[in-house]
Amino acid sequence: MTDLQSILTRLSDDMHSDGDWGDVAAYIPELAGVDPAQFGIAAVLADGTTFTAGDTDVPFSAQSITKVFTLAIALGRSGDQLWTRVGREPSGRAFNSIVQLEQEQGRPRNPFINAGAIAVTDEILAGRAPRDTLAEIVQFIRAAADDRDIHINDAVARSEFAHGHRNFALAHFMASCGNLKNTPERTLGTYFHHCAIEMSVLQLARAGLFLVEAAEAPRLISAGRMRRLNALMMTCGHYDGSGDFAYRVGLPAKSGVGGGILAIVPGRASVAVWSPGLNRYGNSLKGTEAMARLAREMDWSVF
Amino acid sequence: MTDLQSILTRLSDDMHSDGDWGDVAAYIPELAGVDPAQFGIAAVLADGTTFTAGDTDVPFSAQSITKVFTLAIALGRSGDQLWTRVGREPSGRAFNSIVQLEQEQGRPRNPFINAGAIAVTDEILAGRAPRDTLAEIVQFIRAAADDRDIHINDAVARSEFAHGHRNFALAHFMASCGNLKNTPERTLGTYFHHCAIEMSVLQLARAGLFLVEAAEAPRLISAGRMRRLNALMMTCGHYDGSGDFAYRVGLPAKSGVGGGILAIVPGRASVAVWSPGLNRYGNSLKGTEAMARLAREMDWSVF
Amino acid sequence: MTDLQSILTRLSDDMHSDGDWGDVAAYIPELAGVDPAQFGIAAVLADGTTFTAGDTDVPFSAQSITKVFTLAIALGRSGDQLWTRVGREPSGRAFNSIVQLEQEQGRPRNPFINAGAIAVTDEILAGRAPRDTLAEIVQFIRAAADDRDIHINDAVARSEFAHGHRNFALAHFMASCGNLKNTPERTLGTYFHHCAIEMSVLQLARAGLFLVEAAEAPRLISAGRMRRLNALMMTCGHYDGSGDFAYRVGLPAKSGVGGGILAIVPGRASVAVWSPGLNRYGNSLKGTEAMARLAREMDWSVF
Amino acid sequence: MTDLQSILTRLSDDMHSDGDWGDVAAYIPELAGVDPAQFGIAAVLADGTTFTAGDTDVPFSAQSITKVFTLAIALGRSGDQLWTRVGREPSGRAFNSIVQLEQEQGRPRNPFINAGAIAVTDEILAGRAPRDTLAEIVQFIRAAADDRDIHINDAVARSEFAHGHRNFALAHFMASCGNLKNTPERTLGTYFHHCAIEMSVLQLARAGLFLVEAAEAPRLISAGRMRRLNALMMTCGHYDGSGDFAYRVGLPAKSGVGGGILAIVPGRASVAVWSPGLNRYGNSLKGTEAMARLAREMDWSVF
């Protein structure tokens, strides 16, 4: 596996020397100030061996990547009952579209578009205090990463809450269809906070191991659930760019607007990449490119 | 005009003796308990002569009919500037649809669908206290009706606020597009209160006179603005049933979910009808039928 | 009525001296070559008195204006049965949109958008030869205008047929929903031919008299049907610019992509205007402006 | 691999003994008469070893499954140039929806929905006779299956052509957007004919081997292209049920309305199943269930 290290190092060098970094997400003020000229990558094999290159220690806002973890928790609590509230199909729409929500009468298409992730958060919040729910989410991620130094950035959460009108529109719309168990304020307060969890690429790659079926990897969920979560990441993990990511990379993965991507090599590895500049789908520009090259050079595509 | 009185009396008798009253709007709890078996009609000629029949003294919730008055006030305050925030086209959609709002990037199609009326309320609220804004709206309607006994039903307003998730979705969506000057809570608080204004059909018919151009009628707005408001009522006044109402009745009119309809016979009369059971478009079932018969028998169609 | 003549003359002079003519419709090759710098207007009162100004003798392609005549014929043949195939509501969409057709399962929103007009043509064509159907349509218009010199421009019809893929898409879609009685080729062949009828503004204004209820005007349809046709022209006659036209002009009217507009002043007059440059809704730019000024100066708004 | 044989046999027995067969596609008259109570399955390993059970010799209409082969041919001829005409994203819509085509201005979302497959056929047809194009398609499939006894069913092709209004609507719509190189008749004539290719499950499973990267499998396309085709099958291969299929089965696969499904186990096997009764997405009811069980029992999910 010296190969892997040299590939990561070369990738990081190439990315740092190529000037086109893309634009940072502007709609969350706290994130708008992040320097786009950063790139880090980390791969953790099923046996725990770790390889890194670039800006691997900088904590960044995990954002939508946390939706993989909340979905795992929700399925653990509610089982297949969850699917009465949210679908499993790619949306064919932007991540924050409300059009489909009206067409499908308040049932989001999948758990990774905003509306679906809000429904998932609402599900695990039901009957509990937001504080306890957030503690469970953070605890799950820390356990997966085997690292207690993972935290919520309150300033980012508050910034999103203050500028989250689109998400409030989605939550109120679901409420009007009877598909919200808590108030929009309560559910979104929790949602914005778990989206504001920060990790470095190394922490994120380690946390992703819970989706790698291997004797040496931590066992937080069953093998069958791993597969199904990976399937959802493949078809829905990159919003309306999921088909393109599958075509170019061939790995189940979930992106976040903070510029992170978590990809799973089933049975073999968990890989995280981070570069805050985004492409037109709202996914990391250089992160996507790096994943495509890495999968090709390591022959990691599941296809 | 003995004719008119006998026509109204006959209409009321026929409506009261026909058992099919339709269903009352169920989504506002305070209104869900209204007895559907009621019908009242009032016509006020340009010279102030008044004709009534049926349940003419019962105050009912004016709801969307108040949007005609708030639009008049908004145009008085902001002039054509208002049209940068809201369009003038029929929507081809249900009154509470959010689909078109996304397609048109937060600019409602017209001032009579919910989103458009919320934008109008937001416009006249800007920079003022809700209390003062509501006072101006009520005062405008009282002046138009020449009747101080017109009030807001607080219980209805609070009931709508508590169950108004769809309207909150619309307001937050507009806010996310930069088309809301106040907070959703503030604008909707004002909106729900003016929708909860109660009038009898007699009071409503009198209030409608401000849209009748005649020497004897009160002059609250210019003749040109009257015409333009009437045009908007014709093309957009009955939500997605506006074309059908124009086809069957041929008068500019505005309906409310409380079962009221205000129709204008340009230059000649203001007519109000009320019957709380609704048809599939959300407009008064018997009210629409009565307006069609009245317009035909009086030869009042503008066409 | 010397006034009316002087107003028309002034309108024509002003329009000819203002250089902004708009762009001619480009998608029908035969029409793309028309010189946009033309303007003509004609008004015919209920008693037959005629006033004209500008380019009043030039025959132009009536296009969608013919849909008023085919609708009158279809209602004469099929009565209210027609409304099972086509609705009466404004579309809130572009004239050639296919989106709504899918949402409403093949039933067009109204008879003046393309899909609806195709259904109307299909209705009057059923069981007859296209040649006979076209003869009836032309004959109806000639009778209305009291002028035998009105013809179909075959070259325009063929040009539209050859470039009419969007209309073929609409027709095939309706056929797939069971809402087409003839083959798309047969119905569209007839449709393109009646759209290619040419008239001067004077001929068109005369033909419009059949929608004016007056002792002196020709009686081709009943007074009730006149009113209902006028109502449809008001709410749906200018595609997705119908609300704006009602707001600015206040008259029932139908536009065509050839740059013509036919407006009815109920009980009083028929007015036709023509200028081939279009605005963003596909309606005549100067024609709309002229109608707005004429209605204002003559106090002709129905509102 | 005795296991595999016993699993297939048990699957076939279970399916034949369970009475709920679903409904055969009704919109193609020639297919509407197929007996739904049939089930066959075949698996071919990378080394050519073959396992079958049930109705394995009955030729059925491959329909949309042929789109995998035409896409491979189109990429071979046009390379990535093809993607300027068609996208690579799941559609979030029914297979024959025209809504998205209007929203995306005539560029289909992916090559497996009807519009996209028509564009692919149009691409490989350009500049050649339909007869030659069809010969190439059939020849490609015969070579992949190593079986000359694969043919087009002309009666089915003609039946589809005669009842193909929806596909004509799609083709004309693309033509109106400039995204069709041949006439709709010519392209659809070719399209309906390749959709009417008939194969048994055994032939289809053998033909699928061209997507399995293995020393022993036939090499018709490069390994990179195999992966990318498999990726498209995973995200878009089951229309608006693709997410569900990925979730339940975890294999790249393509379904056809004739009741067939071709699934690829990357690097290991090609599997075909057939049962003509369909589920609500238009995919084989029992075929989907069988694939889910087979993938689970063989541990074949790529995730």
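The letters A, B, C and D name the chains in turn, as written, and every chain counts its residues from 1.
Convention: a residue touches a chain if its C-beta (ideal position, glycine included) is under 8 Å from a C-beta of that chain, and two chains touch if they have at least 3 such contacts.
In UniProt terms the chains read A, B, C, D = Glutaminase.
Note that the coordinates shown come from a computational prediction; the quantities given were computed from them, not determined experimentally.
Trainee: Steps needed, at minimum, to get from chain B (Glutaminase) to chain D (Glutaminase) via touching chains?
Mentor: Steps on the shortest route: 2.
Trainee: Starting from the Cα centroid of chain A (Glutaminase), hunt down the chain whose centroid lies farthest away.
Mentor: Most distant chain from chain A (Glutaminase): C.
Trainee: What is the distance in Å between the mean C-alpha positions of chain C (Glutaminase) and chain D (Glutaminase)?
Mentor: Roughly 47 Å separates the two chain centres.
Trainee: Could you put a whole-Å number on the gap between the CA centroids of chain A (Glutaminase) and chain D (Glutaminase)?
Mentor: Chain centroid spacing, chain A (Glutaminase) to chain D (Glutaminase), equals 32 Å.
Trainee: Note the residues in chain A (Glutaminase) that touch 2 or more other chains, in rising order.
Mentor: none
Trainee: Would you mind giving me the full set of chain pairs in touch?
Mentor: Once each pair is checked, the touching ones are A-B, A-D, B-C, C-D.
Trainee: Which residues of chain B (Glutaminase) touch chain C (Glutaminase) in the complex?
Mentor: 87-93, 100, 109-110, 226-228, 230-232, 234-236, 240-244, 246-247, 250, 252, 264, 266, 301-303
Trainee: Which residues of chain C (Glutaminase) touch chain D (Glutaminase) in the complex?
Mentor: Within the complex, chain C (Glutaminase) touches chain D (Glutaminase) at residues 97-99, 101-103, 165-166, 168-170, 172-173, 175-176, 184.
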